[in-house]
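These are the structures, in structure tokens.
In the two complexes that follow, chain A is the common piece, with chain B as its partner first and chain C second.
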Partner chain A sequence: MSGRGTKSFLLSGARELLFSGARPLFAIALALLTSAGMILATDANPITAYAALLQGAVGNFVSIANTCVRATPLLLGGIGVALGLKAGLLNVGVEGQIYAGAAAATAVGLIALPVPPCVHLFLAVLAGFLGGLLWAVIPGYLRAYRGISEIVVTLMLNYVGFYFISWLVEYPGILAEKGAVFPQSPPILESAQLPVLIRGTSLHAGIILGVILALFFHLLLRYSPFGFRTRMVGENPEAARYAGVNVTRQILMVILLFGGMGGLAGTGEVLGLKLRLFDAFSGGVGYEAIAVALLANGKPLGVILSAFFFGALKAGANKMQIVTGIETSMALVVLALAVLFVIAIGFGERRLISRRRKRGKDQAAKETQAYGN
Partner chain B sequence: MGQGEEIALRMVRMTKQFPGVLANDNITLELRAGEVLGLLGENGAGKTTLMNILYGLHQPDAGEIYVNGKKAEITSPRVALDLGIGMVHQQFMLVGNLTALENVILGIPPRHPPLLELDSNRARFKKLAKEYQILIDPSTPVWQLSVGDKQWLEILKQIFRDVNILVLDEPTAVLAPSQVQQLFKKIRQLTEEGGAVIFISHKLDEVLEVTDQITVLRDGHVIGTISTHEATPPKLAQMMVGRPVSSKRKPRPASETTKEVLVVEGLCCDDDRGIPALKNLSLTVHTGEIVGVAGVGGNGQKELAESIAGLRQTTKGTIRINGELLTGVIRDPSLLGYIPEERNRTGLVDSFGVEENLILKTFDTPSFTHRGILKWGAIRQAADNLIEAYDIKTPHSTIPVRHLSGGNQQRVVIARELNAGPALLVSSQPTRGLDLGAVEAVHNMLLQERSRGAAVLFISAELAEVMALSDRIVVMFKGEIMGELDAETADVSLIGELMLGHREVFAVGGGTS
Partner chain C sequence: MEISLGFISDWLAATVRCGAPLMLVGVGGVYVERTGVFNIGMEGMMLAGSLAAIAGSFFTGSTFVATICAMAAGGLLAVGHAYLTVTRRANQIISGLAINFLALGATNMLFARLFPTVKARVCLYPVLAPAWLHDIPFLGPAIFSQSVIVWIAFILPVPAAWVLYRTSWGLNIRAVGDHPHAVATAGPSVLRLKYIGVILSGLCAGLGGSALVLSELGYFAPNITAGRGFIVLAALVVGKWNPIWVAVACLLFGGADALQLRVQTFGSVIPYQFPVMFPYLLTIAALAGFVGRTVGPKTVGQPYDPEGL
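Here is the complex of A and B:
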């Protein structure tokens, strides 16, 4: 009897594991299916559309490079959001952190420093990280010490960041290019630019940084006391306090870290792709990073996959538009649907599990009753 | 008062199941017009659930409600209000930024919809407030009111709605003693006008003072209903605490109780609402003894345990463990083991695996962390050893603890807290919600700790359990220790009196112990 119990127990554990891994894939499939319906409604052929999308995303070298370029800021920013999710925090301020990080990286990237190029690049990247981190001091302090929702503060700071950049690059802002037609900064010095990985494409080294950091944070969460504390605070802050964790400090540190990651997302964009700072350069990529992290269930390694998935959608959307005339915004629709399906599936599972558990309990109650009589 | 008058409310065979808890099991009660019914029971006895059903916040799984003799389906608070049922909740249900008047009319459908008719309502507010001697200016924003005034406003809110069945859920928790008397006056005024009141409390003295009938609940059952003038404190205490208290003591070897381990002196602290929970409490526990803390739940036991564990800010007094002054959360498992009252909320991270929960406090010690990296191999090894040693039934050490039974979850907590052989063990309601076998195991474990030479502070609301296990018993009431008895000779009825705060008894009859 107990042997059988143990077995079904293990089975249900395995099932749960399978569920959690398959959930995003299942959600993506549902999202693509639903979107196919929408495409049909516009009198286009979804198969042609998706084929064009695939072609545009991974059809050749250039399109693969393009996918990676699009995935880079989503990956860096998405890691930051995922880290927050692990600590029970929702970081919706990636956009603002991108602007703050980009501004700091640009400031360093514009100064000719008497150092070797690789050191200059390193300093510029570091500045970008610190820029995002300092930006997050505001929500970090307010959340950790004053209990003010990090969601509201990070969201509102996005607007501040946006206009802050406008102010910086509009003459006579300190980063503005003199005599430029558009409000923008002078180009980043070559010594501070991220190296291009494949000649003839815009694929830059930011993607490598992103993958390494995703791995790093995965290991950090699993193998370091810091990660253990973070997960404890996220799952049950009361128990964390009971176990002697300084919850306030942990929350502050996580917020600073995710700010830094958002800063790196902006850094990659200016030092690797745009090569200068200008108004609204991010184009909402910070908001998409939230969806990317949610699609990955808050797992850093999962963020790699979901960032590439969405990068591919964005890269392929152009081709899809050329072939079928469907707006590129369809890519956003697919992403949004995927996130909604992930959440819906998670909710459905929980109900399923609790119903099953209840049934198990009723069964057990009946059995004990039978014994009682 | 209301002898033989009409029955205002009948709740018949009410049953409500929550996941894992049968909150109400076949509860039947009756309330007559012009009468105050006391609903007595410990925390978790099912009082609040029953009243939430009455107020339409929960739907019962079974049972029928009759209001003024007519069967009623109370599907929402709206329906309850239309039936004349009002409720003052344990927590204030007031909107801080609105004025007193606005709070009172909030949710009442106006007669001429877009208009709030503040003027006519203000007049009515003033008239009722005067009748009930509630001195609140209707235009004061609620956030400016004192705690007591907020409570009066809650009651006024109900009177304003013409309720004739009023439920007061722990209304005195936030009130000062003089205000409690004012509250009782208002309750009597209500019943004299034909209203019926259900007064929920776990404070016996208050229930004895203000009610006409008392229904005692325990573990979701009605233990009995008695008329208040027939009720005596020991009788009620026994009904509340449950099983007829037989002092079947657990056999124990003699032990050395020479060295003081825990010394608490003049301790004061507040509860979560900022109301004093411990008042100048002093307590000593020696090596090799179990000191049992008896008392009706909610008299400061939880706050005492949390203070000793360093989880609660104290306002006065000192706590010393092995001579060391306590300043924060103790992370040294060889000094303090603490089994918290709510294991799922405090003691465990229920989505974490068994192994992770076993190292919840020691993950960053050298045994489990080397150069900033967790040694999962060593962690798993240690976990497997503890699973074996403490007989934790789990298929694997990585299974989330939420999948384990309550008894096995408690074993995880116990294994973690006792493995290092703590000098002091604070154990707060360690058997709550466990089945008989698991209760027995926990009891034996506590006795083993005593034999090992640990100082054990054992807090439980089950008097029988306290009497069976303790060497000494202290009785808590309203954050104070009413008396201390030798458990070998302690008398149940004396403890019962002390649990009600009747310290005089101790002075006179204390010689018996």
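Here is the complex of A and C:
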């Protein structure tokens, strides 16, 4: 009896492993296939198009650097979304947190502090993290203490953040550069800029920060009491409360943390790539980060892969447009289709569970019957 | 910036114009959330509707065909949303977000493909009122000089509210978002009601998209909806899921948008960003309970499992 139990446990473990990795890959393959059909419909050759895309994404050092640069905010923001997913929370507010974090990082990055450059950089990054964290205080409080869904609140705050930054860089005396043609902040001081990793490219240290944080959150979620509590709250808040977890506090902490990660995504963009704050600089990366986290099934390590995948798509799409004339928005279509296919296939898993549950019920019924006889 | 009568009259007219597309989308929004499905994808459905309307109007020269195209585009995306969220019980936010991405990417691609060089000239919705009515102060520009789709937008919430509150089918719609299992026990098909709600929201979003581009603009630009579908989600909260009040909220938000455009053009002491932020802040305040109690349909966002309770 116990032998059979172990065997089925192992089998189901292997099956789940296969599912968690195979599902997104299968979905991506389907998405690329569907998109190939769309490319055919525009009278272009999908093989030429994808070859150009691949070359633009990983063809040489510059394109690899490009891919990494585009993956950076997706990775940092995506980790935050993944963390939320583990606690059963959906962070739709990455875009707003990006703006808030970028504003805070810029504010610190513009002040000439009497400290060594690395300390200045650290302070600017910290400010960016705190900016995003503070931006999440309202949804955090409302969700944890008042039970108000974080989804609508974080979504609304995206627009508040967007217009808030637009105001900050336009109205004199706050962050706006004097005499600039466009509304923008002065350039970030060199001491607060993220170092460039490969000279001649725009690849900055943000990607390293992202990978380290992904590893950190992977370990945190898997092995720490904090991670265990987070997963418990995500699986079953009632059971978690019964087991003595302070669910309210846990939810608040997770929301503040994912806000901070969103802030870091914005920080990386201003301190590493844009080097100043301006109107609408993010352009929807925050929403893409959500899709990236979903494609990774909410696993921090998976986010690394899916962020690089989408970064590569975005970087390669430029090359594809030059070669075949297909719009760069193709990348967005592939991402959207991949997510749609992931959730469409997701039902298989659910059916598996319900079948297992049904089998369990039948078993129980049989045992009851046997006991009755 | 001077506050003159001319300014107010002009702003009023712009409020009506900016509010109308939101009001159309809002009607569908009420129905879909009342059936317990969150449709964040209305933004994308509206965008798809805008492009379909422009394309339909450009290629056939008929605003009627354009309207059908727009509603079909929104409805088609909605069928996808309904299938994923109702039949397959996928996460409604995720499905909606993906639909937004799909609409954004696909409209960009199609737009570049359909209108590569020409600035498309399209026919707009007709203005029905005779010209002499246009000169009536305030009412003229605000009502009589508006195109027929704006009138429809103002009329539609009334029958929508009547159906929702005065018919037994409307009762089913209202009940299914709060107590789907009770509805199932009473007889009506929960899945069918949810499908109808989602598809209605797609049709309305497509119609709203066509109102956005064919009532005055006459052109499409990438991401032309710019978050208007999300504003409607805000209006649903502020209007407490009642078609009439949602329409009022949409008009209010349209007014904020119209004010922003005017402030930006004429310059003023108020930064133009503040009126645009207002709808979002008001929504958060409404959710937080600062402006009355706001409780949405109970099961919004949750998948319906016919077997589980």
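Rule of thumb we're sticking to: the second predicted complex is superposed on the first by the 338 of 373 C-alpha atoms of A that agree within 3 Å, B and C clash if a C-alpha of one lies under 4 Å from a C-alpha of the other, contacts with A are read in each partner's own complex, and residues count from 1 in each chain.
Here is the rule we go by: a residue touches a chain if its C-beta (ideal position, glycine included) is under 8 Å from a C-beta of that chain, and two chains touch if they have at least 3 such contacts.
This structure is a prediction, so every number in the text was calculated from the model and none was measured.
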{"item": "Partner contacting more residues of chain A (chain B vs chain C)", "value": "C"}
{"item": "Which of chain B and chain C A:V152 touches, first, second, both or neither", "value": "second"}
{"item": "First, second, both or neither for A:L294, with chain B first and chain C second", "value": "second"}
{"item": "Which superposed partner A:V160 touches (first chain B, second chain C, both, neither)", "value": "second"}
{"item": "Which superposed partner A:G244 touches (first chain B, second chain C, both, neither)", "value": "first"}
{"item": "Touching partner for A:N236 - first (chain B), second (chain C), both, neither", "value": "first"}
{"item": "Which superposed partner A:I326 touches (first chain B, second chain C, both, neither)", "value": "second"}
{"item": "Partner chain in contact with A:P225 - chain B first, chain C second, else both or neither", "value": "first"}
{"item": "Touching both chain C and chain B, counted on chain A across the two superposed complexes", "value": "354"}
{"item": "Residues of chain B touching chain A in the complex", "value": "19-20, 309, 311, 329-331, 338, 340, 345-352, 356, 360-361, 363-364, 369, 372-374, 376, 395-396, 399, 403"}
{"item": "Contact set on chain C toward chain A in their complex", "value": "38, 40, 80, 84, 88-91, 93-95, 97-102, 104-106, 108-109, 112-113, 222, 227, 230, 233-234, 237, 271, 273-274, 276-277, 280-281, 283-284, 287-289, 301, 307"}
{"item": "Touching residues (chain side chain A, partner chain B) in the complex", "value": "6, 9-10, 13, 222-225, 228, 231-232, 235-236, 238-244, 354, 357-358, 361"}
{"item": "Contact footprint of chain C on chain A as seen in their complex", "value": "38, 42, 90, 92, 138, 142, 146, 148-149, 151-153, 155-157, 159-160, 163-164, 166-167, 170-171, 287-288, 290-291, 294, 326-327, 329-333, 335-337, 339-340, 343-344, 346-347, 350, 354"}
